[in-house]
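Going by the order they are written in, the chains are A, B and C; count residues from 1 in each one.
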Amino acid sequence: MTAGRHVLWLKVLWVCTLLAALYMPIVSVLLASLANSRYMRFPHKVWTLDAYRAAAADYTTVSLHLISLQIAVFVVLISVVLGTLGAMAYARYDWRGRSLFQKLLVLPIFFPQPVLGLALLLSMSAIGIVPSWKTTVVAHAVWIVPIVTLVISIRLFGYDVAQEEAASDLGASRWQVIREVTLPALWPGIFSGALFAFLLSWSNLPLSVYTSGADTPLPGWLFSRTATNYSPLVPAIAVIGTFVSGFIVLALVILQRVVASVSRQRTG
Amino acid sequence: MRRNPGLWYAVPLTLFMLAFFMAPMVVVGWYSLMPARSFDLTTEFSLHNYRAAFAEGYDRPLMWSLIGAALTTVIAGLLAWPTAKILHRHAGRWASLVTALIALPVFISESVRLFGLSVFLMPGGGILAGTMNALFDVQIGTFLNTRFAALVGMVYIHFPFMLFPLLLGVAMIPTDRVEAARDLGAGRWAVLREVELPLAAPGLLIGGLLTFVLCLGANAEAAILGGRAVTVITAAIEQRFNYAQDWPMGAALTVLVIAVTALLVFPVLRRIDLNRIIRR
Amino acid sequence: MTTSPPALSLTGLTKRFGTLSAVDGVSIDIAEGEFFTIVGPSGSGKSTLVRLLAGLDTPSAGTLHLRGRDITNTPANQRPTAMVFQSLALFDHRSVGQNIEFAMKMKGVAPDARRSRAMELLRLVRLPEDFYARPVTQCSGGERQRVALARALGSDPEILFFDEPLSAIDYRLRKTLEVELKELHQRTGKTFIYITHSLEEAMVMSDRIAIMRMGKFVQVGTPDEIYRRPANRFVAGFMGEVNILAVSQSSGAPVFADLDLPAADAGGAYAVLRPESLVPGDGKALAFDALVTQKLMLGSRTQYHLRAGDAALIAEVGAATAADLSIGQSARFGFSPADIAWVND
């Protein structure tokens, strides 16, 4: 009995150590942002939000966020459309060539991302396209569309196709079946797919670094700045960027809840 | 019912992937066969770049990337296995919370997290060293800017990619099989070797493959934490592309990485039924 | 004769989950070579009990001795016992042969010896030898049962436990396997401890049966004793459909209150009467008028649902008997006091 107790404590200790290790670097960024000195000297002599004030006043902060947002919005749109259609082919219908399609689709996930970025950079350059935020959208989408397709497919695997047959048996047209039955059933999958797409695009470094050209998004800027010189502005912008993405996701979740409950009341 | 619409649904995605995934691979492959420093695609193929890659010592960065990926996969696996077992065994509210907490950092950019790790490990005024100095008056050194630091960063970034497939794998071990093995005289190691690992193999393989492949291309860890201690293959390719303006050589190195990836990914994907894992 | 210790001896064995006692102070001696069956409804604690016996759980209190040796805290992998699981728990990633050899491999038996023993076991459970290399996933339900049995026997256990292995099998195959299991018990001479929710199944195979309810043994006895002298209404009811008549003493002489019949020599508060003991006609000592409310053909027998006074009764009549009643018809039915089993609670 006491042996079992010891084992339980060991497990708790293991998990806590793990979480501490995972979050220590993130906490470190937060701590580093609260200084005003040119060089990192922890513990800070002065704890201050100066770096945040400086970041807020600096137009770089705004433009970095706008670029990241622009990229993420387009990635979400592309991956939701392609992912929903793709999921129908992946999980809903059984057709000749499906298993090949399924296997080929996951290849971009099992692929070294920076190498994918470099390959895209080379191909784009070869046909004379100058890297910009648009090429980054494409690079992100190559990796994120398969992930969103899988997320929506999970929803589709648990979906009873007989519902559609029941609907058309009750007189629904082809389009009505899709609008009234299929899409509402898939919506939770599509919505979480969209959130995934947003977060993955916002935080992606390896694909952006080689494909964005002059339009550097947040992670790329942070990467280049950490490699060159240090100032509390860097961790401050890192913290702001992370919170902005969290805030956007939270807002989307709340918006989706509100819309869902309003539409329920209207029909109910 | 008309003709099966599955194929039509697959068309947009397939075209997109052909244009932006397959075509770039072809272009890279083509460039790798062009004369050195050429910017045009012609039909004068040669294997010159591949020979030159080895002659000019680019096998070293490739080697470092392979070693780093292998070590990271093994270490992440050793850390993830007990974690997955614990989370599965004590499934419930706490385990779900812990799982969510482990997943959350994945959505924070790796440049932010690696930056945090470097600030934490920084000598003198870093978070760890500064705290030790202030609280205990102890001066500690650092392993920042070493190959080891790059490895720590790789394990740190890729741990979730090992853990989550492994969680699915561990969930494929029915409790009664473990009990049956124990009942038939199997000790802890025999249960692990004979029952748990084979039954969790799909998750273990997927997690291992994902970790290895992602690490193979990883360069941010080496850049932010490794200092100049190690040059990984991605850094070498970038150097050929951007600074040396030698596209064909960069392309040849890229093809080598793609070849290693394909060699690992295709056999595993053929063996594993992804649908079965996703359906769960 | 020597007084050898019992194969398995339970003393006050208890398993508590929070405040609930799933197994509540069970004590029993099980003899060497006995086929001992524990019967109970779901939630009676029988599965928890067998897990304690196999060492898959540790008891909260009490002791367990195997041939006189204390094994209360011995883990499952060090006990000379083997279990056939309800789910069978076959290793689907291994072949039939590898499943059967598992315990021998754990003990470090050489591959050649393992193989020849596995072949013997395949013969013993009546599977063809070419099953050796077959994946277990390609076996039918009955074949899987036999593989599970051979795997348990492969550890050469002193005691074999069975946790409802036949519960998910169709009727005909179950009947076949029950007979095979009984024969296997006779041939191997090993101690079998069998868990089931079916008293019918227990009757066919067992030397002794324990009826379990809410963590306790309600009655332990031979199949004949359980059948003829159930300890209470619960045990009597477990056998299948029975008629239970309350005896009233309120008017002085005991009577079957619902039927308004005298209950002379009442041996308890309730009379248990099997459906086949109720026969049509006036031929029995105690007879009454009844209304047929339902008629069910059971093949060799016909079952009548009767209403008599305030009582709802069930009678079963052999198909050969001439009486053929229809629903809504009134008829005389009777029974003999000798067929009554008396219980007090």
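Heads up, the rule we're going with is that contacts are C-beta pairs under 8 Å (C-beta built on N, C-alpha and C of every residue); 3 or more make two chains touch, one makes a residue touch a chain.
This structure is a prediction, so every number in the text was calculated from the model and none was measured.
Novice: Does the chain-touch network form a line, ring, star, complete graph or other?
Specialist: Drawn as a graph, the chains make an open path, so a line.
Novice: Measuring between mean CA coordinates, which chain is farthest from chain A?
Specialist: Most distant chain from chain A: C.
Novice: Starting from the mean Cα coordinates of chain A and chain B, work out the distance between those two points in Å.
Specialist: Comparing mean C-alpha positions, chain B is 18 Å from chain A.
Novice: Centroid of chain B to centroid of chain C, CA atoms only: how many Å?
Specialist: The mean C-alpha positions of chain B and chain C differ by 55 Å.
Novice: Spell out, as numbers or ranges, the residues of chain C touching 2 or more other chains.
Specialist: none
Novice: What does chain B use to touch chain A in their complex?
Specialist: Per the touch definition, chain B meets chain A at residues 4-7, 9-10, 12-14, 16-17, 20-21, 23-25, 27-28, 31, 39, 41, 79, 82-83, 86, 90, 98, 101-102, 105-120, 122, 124-127, 129-131, 134, 156, 159, 209-210, 213-214, 216-220, 223-224, 234, 237-238, 241, 247, 250-251, 254, 257-258, 261, 265, 269-270, 274-275, 278-279.
Novice: Can you list the chain C residues touching chain B in their complex?
Specialist: 54-56, 75-79, 81-83, 85-87, 89-91, 93-94, 102-103, 105-107, 151-152, 154-155
Novice: Of all residues in chain B, which touch chain C in the complex?
Specialist: Contacts found on chain B: 174, 176-177, 179-187, 190, 194-195, 198-199.
Novice: Which of the residues in chain A end up touching chain B in this complex?
Specialist: Residues of chain A touching chain B: 11, 14-15, 18-19, 21-29, 31-32, 39-43, 81-83, 85-86, 88-98, 101-116, 118-123, 125-126, 138-139, 141-142, 145, 149-150, 153-154, 157, 199-200, 202-206, 210, 218-220, 222-223, 226-227, 234-235, 238, 241-242, 245.
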